[in-house]
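Should a chain be cited, it is by its letter among A, B, C, D and E, assigned in written order, with residues numbered from 1 in that chain.
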């Protein structure tokens, strides 16, 4: 081995160290790791090959660091899982060894080899992928991250509970915040609730409390009736164009606040806190900000016409409507009243617009299914049932459910309380939803009948004659297609915004400096939304804490010797200002050459493809590197 | 299975008439105390609740019931006039074998001896020792039960009785839990084995203790007999389902469905037989029902009393 | 070695997969443990717009039998890059025809992070094409 | 089709403190019951919950199979006290018989 | 990292599981100095001991190890492992913790993690890290990716043969090591003390842990882990590959007869996850999940659950009443049937109890923070500030404040970190204000 290394030092100028992970069997069960090691050792640029059970573990990283420190190697390739998981881990290890983290290349031999291929083919492919990585590594150069000044400033989009929480958290950490809210009110969907479960807090109190704190905080500027119209920039230096305009409101439904004499900071039921700022003419302004937190929230599912009789029978309503009616009509009495009618018995049908199953539930109008669980509705329904049963003991309640999901602290108690309050539960299977029909054949003057095959009654058909049917509608992400398009936000199959990784980076998006808070990401209750907001705030605070942000160094580099000044790259460039033609002195002559503004360069490489002289490259992702990798794909000797 | 309605009415009628479920006058049943010299005054009264005394009668009557269960005769019982004489009243008394009666009387006598040996200041008044009515409660005749309980407690209260010593779990439960709740009468109730207070290492044996449901679950008394026996050098071999998790002997169903009762009893016996040691019970119902399943069962009092004699 | 022969006869497929969409998409196929032909080699790219026309031709010249560009499509994080690349590709097709290369050897497609089925489809289809066509023969090489 | 009648729980109230309401139909009582009998005692408990009084009276005999052994009550995860419910039902049925 | 030098910090984090690590990282990244005090010999908590995690089926090690490594290497974070917090009180402006470091009988500064001691130790002991299914040595590094990589001696089982002392290249073995007492002072504290599984001994009907083929969910995690005890799933009694496996849901939750009335929140999902992993490693096995309600409430959970049903995992609605053993090592379960007859008995080769969560720490007598009726740390503003406790400047995150899955735990840890940071910012402001008044 030692002699071989000496020989290599002569033939190859780079000393690439290769570290192949067993991944505790995840890789080694399908890839003959030791065979890969033997083959890779023969490559000219390779100085050392080592294997480990868990390369990402401390001893694994230690191994790399020691080889770097001893000078045995000067480039690193780790062959393990997907780079999204551990690229930063190993770059970190290289940094700790005192080396530049960009002398690193990753070979993905788990997700793209051992988990999809088997036998010799897996081993061969793994060998090729590693050899491709070493070929690239041979050409890697140290890169320095681009440091950009970042103002201690965050913009929160959305003035619901998560947005308010994030804004206040950041202000308390000494960071200036702009809060943008589309509607004239703060409080979001929480403002349209009454008592929340299971804490028993009044939504009005929570919203008033937090919105009050936000409005009283000098570090926070609140703009209601404001929407983001344009977006540009990068972490630390985002620029948002905001349009503020008088709200479109149905005067029948909502009085324009202020008109009724509401003072700033006052809570208006089912609207939110009015901040005293109502534009009369449209205005536009720009916000320069370091980090953007998206807290765009959710909307309630609207049943389609005919879904459980919705829109067909006037006695069919939704849970949000019921909550509103109850809050507006608090008079006690043996029977609850809804729309002026006394309700002797009512049905609550769970999972309307949630947990939809392809092939069983029809697609919604937009051509999608809500396959997810809306998480909050079970507890919300049980809470409402408990309130009704306590204040209107004559009103009977039947709950039709699939699974009762009272998962959180204090929620199972709501379920038990509902049972003790004589709420009758009926359970239906996924493919046997209850039916809401007009009550004709049965005696009694109840207008509707809810029929179900009740698995709790041993699969018998059971009917509930009722005065009211309440559809427990789930939550859907708010329509923010404009933001999604503008900011290139990733959206999951459930149409909620999609985080990078639910555990590693749960509130982050791939775009550095844009964070998620609350129900724009997934259904959550108030406490969970506030936690998510706190988690986003802490990331923003850490990002901006030092006054500067370090960006990936993967930006365009011009080889001035080759550049012929055609300007093709500038024409092709997608980012305004990232590439410019400038006059400069070369060998005593003034020539026009391309110049890069690194903070604005996206690193997309469009310029690379158009340069007639091959004079421009993206640092860390050069065309030569790719060519070297292709050579390894076709090289016969690699797997020999 | 018998129509519970008929059985309930039969038993309720008997309790109403004779203050016991079999319709046999108390003086004919309760004879165990005759040979013993027990004081009629003292600190605590021994209250047998007549359960042990009933066992021979229960066994006999259920034997006949079992014979007719699921036969056409079952239906006949519905008509009060056709209730065979031997299932109730004096007729039953006549056909019940004397040896059996003697055996169960012996259990009670042993208990009295144990109390004496433990220097318990107790007395016995046959006139105040009544059936607790617990069967009426179990069968759902709440009205009948409450009425009977008031009668029993009324007598006790009138006699100024405060402390009671019981001998079986059902009566103990009735006195400790049901009487305070339904008859407004609270006594200081202890079972006899809670009062055992003498030393002996004469046991030298292994036994399988069958905990009755009422001691194990309802009254949480299962640890006491175990400790008493251990102190007497009698080792209780562990049974998987014991204490609060004990399994039923099947006895309580005997009046409605003797078949079911035997089925459950057989299952329990199988569990108990795993240990291979002699089975010891402390409840007349368990004693009777396990015997019916073919077990060789001894009463707890017998085991304790044996240590006394040696 | 037999495996070497196997791999050669299979014809090699190069996949240019975007860092934000298609590359994690391929990972997602891996997480689902869905098997696909092993003669596929994925290069992680920031945007395929980086590659000039000659890159593709060079690849075929070197012996790559098929190329799939898995882009983000409309989801592309670099506004305009997709369009730029698509127009460039038209020129590549022209050049391929000149070289008498079957244009089915080069495909542009959009794969997102959760497009498992689409990914498998693309790979299997290209594999069929390269099996049918055999190794690339270039007119001028 | 059985029609729901939730008022029945109140009809039961004079006969027992435990009116089957705490039960969430998990079936533990049925599985632990030494009777090994068709959905006993949960079936009866469910009938109270949905107010199927006629079903209870039709099947009343089943109640007297109960040994009152208390295993179900001990094991019930929601402390719904199934044993006491059965006892309460017996009282209800006896009262019903006597009334008629 | 190991020897106790620095004892004054901005924040004390009690517990080095995923919640503690995330909290510490989020605070350390804001340039606060953080101490993590962990009772175990390694950080990583329960998560590092799992196989894969739902709903992404990432390997748990892959997610946890980078966080463990970055905490261990963080300039602002100091780890104290194998330490018990004896008291945690506020004294004026300071949170003071009296801590005992238990003896490892290995000098952490000298140990290089070479495992020579472990290889040469002649005493085999049951390996709790592998669910007790395999053996380790009386001196060992807890597991391959433990942090720190320092050996620990099991004094209960060590027979003092002296072999480890002889082979240790750095002379790190110290048979006479004594517990070390020290005091940590901080401005704020975050409790991330985690959970334990519901003790099986609490439920007689489930065999109290005495039936060999009835195992708990954490043991199944080990059987499924890539570096598990057998490298495949075998049942413990006879090493047979189980053909039918049953999951008993709510085995330690939603059961007042055990004194635990709450839902433990993760058991449904981990059972579904384990079932999916099992059907991968044992494609022919029948897997049945006995449940009351499937609580797949989180992001992507419902889809995950529906996938498992499509894969052929059987779900039977009914809580389990009783488990007993048959003579062939099989396990009988009694539950209610879906329809038709009432109680049914089913036989399975292996039964997994989906045990719930109980608090990992009881503050009583240690810390004046209150516990709620469920014995988890009480939070005073669960809606708006879910990490606030009733003790000033002391916050709580993760399963210390009630059952929680990993995603929610990590998010909550971030929230606790911002609360602690806010608390310290406010204090700094008032200190400055007071100083300027003077």
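The rule is simple: a contact is a pair of C-beta atoms (placed from the backbone, for glycine too) under 8 Å apart; a residue touches a chain by one contact, two chains touch by 3 or more.
Please read all numbers here as calculations on a predicted model, not as lab measurements.
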Least hop count linking subunit D to subunit E through chains in contact: 1
Shortest path length from subunit A to subunit B (each step joins two touching chains): 2
Joint neighbours of subunit D and subunit A, given as chain labels: E
Chain whose average C-alpha position is farthest from subunit A's own: B
Winner on C-beta contact pairs when A-C is weighed against A-E: A-E
From subunit E, the most remote chain by mean C-alpha position: B
Chain whose Cα centroid lies nearest the overall Cα centroid: E
Centre distance in Å when subunit B and subunit E are each reduced to the mean of their C-alpha atoms: 52
Distance between chain centroids, defined by C-alpha means - subunit B, subunit D (Å): 27
Subunit C and subunit E: spacing of chain centres that average the CA atoms, whole Å: 45
Mean-CA-position distance for subunit D and subunit C (Å): 68
Two or more partner chains touched - positions in subunit C: 31, 33
Junction residues of subunit B - those touching two or more other chains: 244-245
Residues of subunit E touching at least two other chains: 56, 58, 205, 254, 261, 340
Residue ranges of subunit A touching subunit D (in the complex, touch as defined): 345, 396, 398, 404, 415-416, 419-422, 424-427, 442, 451, 454, 456-458, 460-465
Subunit A - residues contacting subunit E, complex: 23-26, 29, 53-54, 56-59, 61, 81, 85-86, 88-89, 92, 96, 161, 165, 169, 172-174, 196, 199, 201, 206, 209-210, 354-355, 357, 371-373, 375, 403-413, 416, 427, 455, 458-459, 492, 494, 496, 501-504, 506-507, 521-523, 526-528, 530-539, 541-542, 545-546
Subunit E contact footprint on subunit C (complex, rising order): 31, 33
In the complex, subunit E residues that touch subunit C: 56-58, 280
For the subunit E and subunit D complex, residues of the former touching the latter: 205, 250, 254-258, 261, 292, 318-322, 334-336, 340-344
